[in-house]
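In order of appearance the chains are A, B, C and D, and numbering begins at 1 in each one.
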Amino acid sequence: MSGKPYDVEKGDGVHRGHPVTVDRYTLAARINHWITAVSLILLALSGMALFSPQLYFLTALFGGGQITRAIHPWIGVVLFFSFAGLFIRFWKANLWKSEDGTWLRRIRDVLAGHEERLPELGKYNAGQKFVFWGMSFLIVVLISSGIVVWDQYFYPFTTIEQKRVAILIHALAAVAIICVWIIHVYAAIWVRGTIGAMTKGKVTGGWAWRHHRKWLRELVGRRTTRTPAE
Amino acid sequence: MTNSWTDIKNTDLVVIMGGNAAEAHPCGFKWVTEAKATRGAKLVVVDPRYTRSAAVADYYAPIRQGSDIAFLNGVINYCIQNDKVQWEYVKAFTNAAYLVKDGFGYQDGLFTGYDESKRDYNRTTWDYQIGPDGYAMVDETLQNPRCVWNLLKAHVALYTPDMVSRITGTPKDKFLKVCEMIGECASPTKTMTSMYALGWTQHSKGSQNIRTMAMLQLILGNIGVRGGGMNALRGHSNIQGLTDLGLMSNLIPGYLTLPTEREPDFPTYMASRGFKPLRPNQMSYWQNYKKFFVSFQKMMWGPAATAENNFAFEYLPKLDVPAYDVLRAFELMKQGKMNAYICQGFNPLQAFPNKAKLAEALGKLKLLVIMDPLETETARFWENHGIYNPAEPAKIQTEVIQLPTTCFAEDEGALVSSGRWLQWHWPAGSPPGEAKTDVWIMAQIHLRLKELYRKEGGAFPDALLNLQWNYKDPHEPSPEELAKEMNGYVVSDVVDPNDPTKKLLEAGKQVAGFGALRDDGSTACGCWIYSGCYTEAGNLMARRDNSDPGETGAYAKWAFSWPANRRIIYNRASADINGKPWDETRKLLWWDGARWTGYDVPDIAPTAKPQDVGPFIMNPEGVSRLFARGMMRDGPFPVHYEPFESPVANVIAPKVRGNPVARVFKDDFAQFAEVASPDFPYAATSYRLTEHFHYWTKNNHVNSVLQPEFFVEISEELAKEKGIAQGGWARVWSKRGSVFAKVYVTKRIRPMLVDGKTVHIVGIPIHWGFVGAARKGFPANQLTPFVGDANIETPEYKAFCVNIEPTTGPVA
Amino acid sequence: MNMELSRRQFLRTAGAGIAGTSLGAFGFGGVEEALADAIRPFRLTNTTEVRNTCTYCSVACGILIFSKGDLKKGEKAEITHIEGDVDHPTNRGTLCPKGAALLDIVHSKTRLQYPMMRKAGSDKFERVSWDVALDRVARVLKDDRDKNFIAKNNDGVTVNRWVTTGFLAASATTNEAAWCTYKVVRSAGMLVFDNQARV
Amino acid sequence: MFPPAPNPPIAPTPAKFGEKDLIRKSASSITPASPRQTEVAKLIDVSKCIGCKACQAACLEWNNLHEEIGTFNGSYTNPPDLTPASLTLMRFTEWVNPETDTLEWLIRKDGCMHCEDPGCLKACPAPGAIVQYSNGIVDFVHENCIGCGYCIKGCPFNIPRISKVDNKAYKCTLCSDRIAVGQWPACAKACPTQAIVFGTKDEMKNWADGRIKDLKSRGYQNAGLYDPPGVGGTHVMYVLQHANTPQIYAGLPKDPTISPVVEIWKGVTKYVGFAVIGIAAAAGVLHHLVAGPNRVSEEDEENAEKLTGSDRT
């Protein structure tokens, strides 16, 4: 294998054994992820509570409407910075590759689980990249539009008409991000063995072979693999 | 006010000039909007600024401050030239036909008899020719060149529309439009009302401003009728009452006057107050002067006032000068000639002109006593507040005693409205802390002084020791007791001269009105014009029946209106010479063949025959005066005089500076800007905003919110010329002081063309000072000149000169 | 004599000829029901109403002062609200921006509460008792009067005047206070005596 | 003179309307009260207004509001904008009439218009924080307010303001407490010139007709009533000298409606949004049922072991 490994992130590694284990996410990355995840869920709950009267009861989870209204933007800030951490970690590996096009063209095979018909992939497939960039984009939209309607601190800086547009955009973006989130979560469930990546930080060699073979090869080729005894 | 607030609804034309009723008297102004909405009345506003009154006016004309007489003389000239005269009224009810002495004349801004060294006139020629029968001579045909009408016509001929425009800066077309609207009211069925206030009084010729409009109203036949009149909108809640009660250096309650030292004894005093009728049959009501005076003396000194001692005539102090008005008081103070001064609910450091002089004067007192419900700048004149009050306490040796008084909500008694209604009110709250009523405090001062005199003796204690003070609780006379004194009561029985068994008046009873007062000491009355307010029938001031038969706006059973519960004074003039109302739809009084009847108390003897007795019963002529005789110090006809500080010389009399007979103290004259001074090129005026009440509401949070910060108003043109930004800071200064203010650049003020010269106006609202809830700011009186009106010494706040420049904010 | 008013006069007379109001119609015939939570309970319920006159200008608007406690019953009364008196012929219940904010002047933070004295050269007021304050006033006035009273002028005419102490009378006190003031001031022979009428 | 309401009662007085008279409640579906109470209205006659601010003072006083003392900023409009304490505000405009070249000082009392179709209420997400009574009063119920400021976005007149102190929205209540006992709102009662009057909506329209006739007789050919149909009419109406150009009165909107953006946000977005989310979730479930889980096979593991050289052979 030649050239610079570009799909391998800091902390990725392979361990010989039965089965082979592969380090996919460092502890820091996982903490970062889960902060983001919790924030996003809280935001979705509080946001939906304020979005629809039918879901207003959800404000009870936060201790009432006033608190929900007050806390939502702050969670947004947490999400923004937390996601920024993820972004810095992951953006490189999420850059578009030629095989991603192929993968997308064969989306039917993807959905049907015919992985053998797909090209070998790096650390992320095009679906994951879509989630990554989708999240990135929507979070920027949400924080920007959110600030416009965060009256407590930013009321004087925009006109009411701008706020109206902002709040509509915010709502639309929120719907979109929830959909992206559903895809993200579903994919993690559907593709068995994935969740461990974000809980224990590890996947099995088989999982890596099946879904991200190029990445696995790169990891293997990069350095001498270690036995668990080491 | 000759009429009442509610009567304004009856008018056809409201002229607001010399005032800003919408802004200063919003709830009274309601009746203007009513007249407009229900009668289709028109509103004309003539003012240097486009005011809140102008905002709802049908027509607005600008005028340079201090040129009202030129404007109004011009209107009179227009009316005469265009036959807009209510001839029947003028002939029957004014002195138009009276012949004036041959010696009287006018030239170049001055009347006959001027003595420049005294700044005064010898007024002996300013009078009627008296015929062999002892009565004034008249020419009913108005042909005699010496009759008042012809003299007036000649006097105002100078004030052509072009001349008026040249002096006042009012564009000629606007002036003529106003003339036209006013001229229509010469019809007997159209009336105009004049609503004015300090915009006319606060000039060195304030009295003549008002007089000119009064003359115009007489020419139009608008005095004494519903919806007409001269309506002085008084400022403070009881300033009418305090004036009525004579709390002035030269007055006795009910517009009687103190003796001067040229009247050494009672007979001499009474000799100049005889008021013999000048025409046959006239009532000349002041013939009753002695009854009112003696009854007053009896109320003051009770048994100590006897026929033998001329009813304690000597107890009254005698004046050596015309008046010890406030300007003179502060001049004396500044000269170190006064030692103690008591301010009762008054803030002179803010309210009188030339603050620097006032502060210096107060600093020369030994003792300053303040009675007030609120903090005032005066009470703290010695306290350092940086540039807002740069006093040095250590250098000020004045002892200050500040006494807390109750306010309106905690006391009981009557206040007199501008429409002369005496309205009783009741206390609603407990006073804060140790605050006490003014009555209690005055009683304490009196009782303590009396005690000291009893113990120690001293200078002429008689008047003080014998002051009648027979109250149930001498420490705090009750409002009822005091009100009953003002109404008056019978001291000793008066029996019918024809039937000695019949008592006409019974000792101890309240008199029913001033008609019952006597000059022999058998009645006592504190204020004759209030007589009738608290009779045996009870406290009429507390009446609250708001029925209004005929919907005239009279409300005859609401409270009590002086005199004699009369709502419109001179109301006999609402009917023609035969006693028939000028306007049937607006009738007020009429002669039913035997007596006067109608909606109001007749201002004439009820059985006085209309053809015989004139309606102006207080005048010995029985008619009103277009020619004032010697009653005004500055002329029997009004003349346009420039303010003492003016951007232009007097066009009609360039040599005359200011009002030629206004009193000016030497040091103050040195502090006037020269005429047309390039150092002080802008014509300034000061005024109050509707959100504020003088300096009081500085203590009120809400009102401080509504207009929070001191500012001045200038035109867009001047702002551009000076490079002053909207809302930016400027320094404004006169020859007497300097202020920093925010600037309101407004379309409501425009430069004027006066005698070919552009004159810019600077408007300076009053309110701010250095105590209270409001932001600190400068009072306008740091700039205003120390000179008053020639007749009554009201300071010239409305017209003076300043300069202005942009600046950064004040450095505190 | 009972001077209490007949309250409803206006509505009877004023209604005639003008579009009669059907304001009463909001009511729907006195359905007795507790106030909804959203609507504040009416503030003036169970207060004492006293009729007074606005302290500011000479329009002399009728006002109603509402207080907790009733002075007539000898209680302490704390004023809680002031508004216009609809029965008053001039203002018909209306008030201007000063009148509408009268409560604020009654309860102003700068209301004076106690007699205070500032000694010569001092930079502060100090609280004193009424007796101390009034005795001091009387003493200074008497000393000044005795020293400067003019009984006769140079021509020998009795003039009995005192012009070294002055009195500036108020503009918003009652007639009764003014008359009392007049008596006290004039009987002392004081001539430097003026009021707010000029300004 | 429009006959004023009698002096206020001091004896306990039953409220003339209340909870039972609600016709709308924010973020809640209720059955509108029936029959409806007579609709009330406040009529502000700009041509009679002298800009004295008695209404502002009376409002502050009656509602126990504390406004801060501001600064001068080049206008008589003080404070410069509505605030949580200043529920009403005189707005001053110096306007030169281009037809006559004369200055007119237009003074408009700003505040809640009590729309028949209230945008604030539509936008409000908190159940019961904004209510509308059948007499037309739109009121904020502060216990339920969450301070989100959606009412500001919903309002076509830019009226509600959020308090920095308690983070709740404030606006004119039309003095619902006073009207409940037969009184006029504090501002209307105080207004010295009866530029503000209060009564039933029909009375106010009639009264306005008389005023408009008077104004036309004085040359204001475009005098008219401002009762904008775009919001179903309002329970605060203006008589304007120049009703054809309401914008000159400190930006009074010409044809106000609830912003289409707000309508989309509170309308279609909500339904479409939830639909999309639902579809996404359902698609996942469906896919799982059809395709089953994507599992790693033994073979995959072996391949990985081979690749890493950890195979057993």
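In the analysis below, contacts are C-beta pairs under 8 Å (C-beta built on N, C-alpha and C of every residue); 3 or more make two chains touch, one makes a residue touch a chain.
Given the structure is predicted, the values throughout are model-derived calculations rather than measurements.
S.K.: So, comparing each chain's Cα centre against the centre of all protein Cα atoms, which one is closest?
M.R.: Chain C is the most central one.
S.K.: Looking only at C-beta pair counts, which chain-chain interface has the most contacts?
M.R.: B-C
S.K.: I'd like the Å distance between the centres of chain C and chain D, where a centre is the mean of that chain's Cα atoms.
M.R.: 40
S.K.: Using CA atom averages as chain centres, what separation in Å is found between chain A and chain B?
M.R.: Each chain reduced to its C-alpha mean, chain A and chain B end up 84 Å apart.
S.K.: If you average the CA atoms of chain B and of chain C, how far apart do the two points sit, in angstrom?
M.R.: A distance of 21 Å separates the two centres.
S.K.: Report the inter-centroid distance (CA atoms only) between chain A and chain C in whole Å.
M.R.: Here chain A and chain C have centroids separated by 74 Å.
S.K.: At least two partner chains per residue is the criterion; list those residues in chain A.
M.R.: none
S.K.: Could you list which residues of chain B touch at least two other chains?
M.R.: 26-27, 30, 690-691, 701-703, 706, 773
S.K.: Touching at least two other chains at once: which residues of chain C meet that condition?
M.R.: If we look for residues of chain C contacting two or more partner chains, we find 10, 48, 66, 82, 87, 91-92, 94-101, 104.
S.K.: Could you list each pair of chains that touch one another?
M.R.: A-D, B-C, B-D, C-D
S.K.: Hey, which residues of chain D end up touching chain B in the complex?
M.R.: 1, 47-54, 56-57, 60-61, 66-76, 78-79, 94, 96, 102-105, 107, 192-195, 210-211, 214, 217-218
S.K.: Would you pull the chain A residues touching chain D in the complex into a rising list?
M.R.: The contact residues of chain A facing chain D are 14, 16-20, 22, 49-53, 56, 59, 64-66, 68-70, 111-113, 115, 149, 151-152, 155, 160-161, 163-165, 167-168, 171-172, 174-175, 178-179, 182-183, 186, 189-193, 204-210, 216-217, 220, 225, 227.
S.K.: Can you tell me which positions in chain D touch chain A when the two form their complex?
M.R.: 26-28, 125-127, 144-150, 152-153, 158, 162, 164, 167, 259, 261-262, 264-265, 269-270, 272-274, 276-277, 280-281, 284, 287-288, 291-305, 307-310, 312
S.K.: Can you tell me which positions in chain B touch chain D when the two form their complex?
M.R.: Of all residues in chain B, those touching chain D are 22-23, 26-27, 29-30, 33-34, 36-38, 40, 50, 52-56, 58, 60, 690-691, 701-711, 726-727, 742, 744-748, 773-775.
S.K.: Spell out the part of chain C that touches chain D in their complex, as residue ranges.
M.R.: 7-8, 10-11, 14-15, 18-28, 30-49, 64, 66, 81-87, 91-101, 103-104
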